[in-house]
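Chain naming follows the written order as A, B, C and D, and within any one chain the residues start at number 1.
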């Protein structure tokens, strides 16, 4: 059984489950919008620009991602999904790629809705010039969050206090993505008009994805082994 | 006490070295309390292996 | 079996520490612009480097445990990280005192290595809660090893991204400018670093011996309880 | 019984949970096509043994050869040829039986045509599209049986297969999991008469230790009942 086939089977099952129970994506989206409102009153500003605008967006996406990470393996843990998967003659890293792709899809879906809402609610300068640069950044960042998020979720799901362990582990680990994302998005949201995106942050994000992709590939099997 | 070359920043430097020593000593103290616990448990074991003090205490070979 | 080199190590680290302190206070001249406050530098930098070294060692023993499955590697990884967290605490404390002494307030966001160290410290402080949240000792050791490897890979990236974020700051980055230190200061720094490494090794062996003794005690108790 | 290599060969199999020995030294040989019945009180290590044979748990000591592969090294080789029926049905409660079985068929790389015949056989064709959470435990157990035999395994590991099943259901599933299936089987059961009825070899466990291993003909229900004493 090829790994790609197994990843496809797992992903189809997970997407079908999400469409049916609608558990993660709506919750992450509503959480993001309410966080925008909280920032509006927390910072007491009606419109944001430059690095403040970038910071608010990226912090909100980070916390919404933590919500998605918390739910990633719950069905496997409570309904015997792990054993069912481990009984199949497939490479165990298939679960890693399937769940990473799933989280990537969730994050993209949430961002497709949350970024327009953000630009309507809080963003001062018009988002259209910033869009291509921001899209590129978000794709790279989502990949990093997806891989590290899957690792953290797999690490925490077997523990007693998993709702605590996930944010405790995920927030420091995902900090470089927030740093790179916010620093790179700040010029895009400049009040006068979108300035060019500083290239070095794309390399930081790319490096982050590659390094943690390799680490995840190397250690993920040990999290399922028993 | 030889005149330490202290100047106005003296207290901060002293503070830093004191904090360092304090942390190390706290660590050693915790380890010492663990050591004491091990000793107490060893005493318990020792009593366990010699229940009858009157007759010749037979030696129990711990495999 | 761990206690063998302990006596020699403790004497060596005691001697090295006293020599280092003596050098710092009586031999190294005051720094050109920072003056006497610079003395904290000789304590703060070795602490930071040894703590980071301990985290890396924890990662390496983690990898060894994942490959061999032996409990000794897990114990060594646990003690190395546990000690590095304590030294990390000392690093942050001395760093804050140094910030207060030379820049006037307790926490300074301009100093990239100090900020990056705080993030790494936050991540590693989850190590203990993660271990205690898993009951099965076998799984606990394996998950702790996986965490050690992930966190080990995180440290360089964290330092790089924080440094990139601060690159525009004019503040003299003191930590990595050690290359340009005058000879006498470099010697003092090296001796302090050596002393700190010896201290780490001593405490590391000390705690390993204590943990090993406790484990033996438990097995002895179980055997005797079965026997009696 | 042709002298084929034994389906299962265990020698001093051990599995620890921290200090406690969940399994301490199980040794037996089960020829291909034969049935092993495992008896023992709760916590005697029956489920642990089953999970090791299913390659879900690694043995800590001793040798284990299942279907020609030695565990844990060759686990992946034999994994696709083992069917496990555990207490937990291993089904996603929000998905329907058909969706669950289609997921398993894709995961094992077997054609999905067999799903309909299986559902028909266990009398679930009508309820095939309701979510598993709406099914009774008995119906869920039938779907679990379909899942366990979907990929036509050579070895069946059955943990109380007939639990929650009414007599008609037991009749319906016997060609799948009964002796008629022709597979090598390991059955855990607390119903001593039924278990002995199906067994060629009997294994008794107490606190992880192997206290009884006899061919079925040399065993009567009394000796088995002592295990629970």
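Following the convention adopted for this analysis, a contact is a pair of C-beta atoms (placed from the backbone, for glycine too) under 8 Å apart; a residue touches a chain by one contact, two chains touch by 3 or more.
From a predicted model like this one, the values you see are computed outputs, not experimental measurements.
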C-D or A-C, whichever has more C-beta pairs in contact
A-C
Compute per-chain Cα centres, compare each with the mean of all protein Cα atoms, and return the closest chain.
A
How many angstrom lie between the CA centroids of chain B and chain D, rounded to a whole number?
53
Return the distance between the CA-based centres of chain A and chain B, expressed in whole Å.
47
Need the CA-centroid distance for the pair chain A / chain C, whole Å please.
31
Which chain C residues touch at least two other chains?
none
Identify all positions of chain A at which a residue touches two or more other chains, and write them in rising order.
225-226
Listed in rising order, the residues of chain C that touch chain B in the complex are 21, 25-26, 35-37, 39-40, 43-44, 47, 86, 89-90, 93-94, 97-98, 100-102, 199, 203, 206-207, 210, 213-214, 217, 220-221, 223-224, 227-228
If we count contacts the way the header does, which residues on chain A are in touch with chain D in the complex?
1, 5-6, 8-10, 12-13, 16-17, 20-21, 75, 79-81, 83-91, 225-226
Which stretch or stretches of chain D touch chain C in the complex?
16-19
Which positions of chain A touch chain C when the two form their complex?
151, 155, 158-162, 164-165, 168-169, 171-173, 175-176, 179-180, 183, 200-201, 204, 207-208, 211-212, 215, 218-219, 222-223, 225-226
Would you mind writing out the residues of chain C in touch with chain D in their complex?
136-138, 218-219, 222
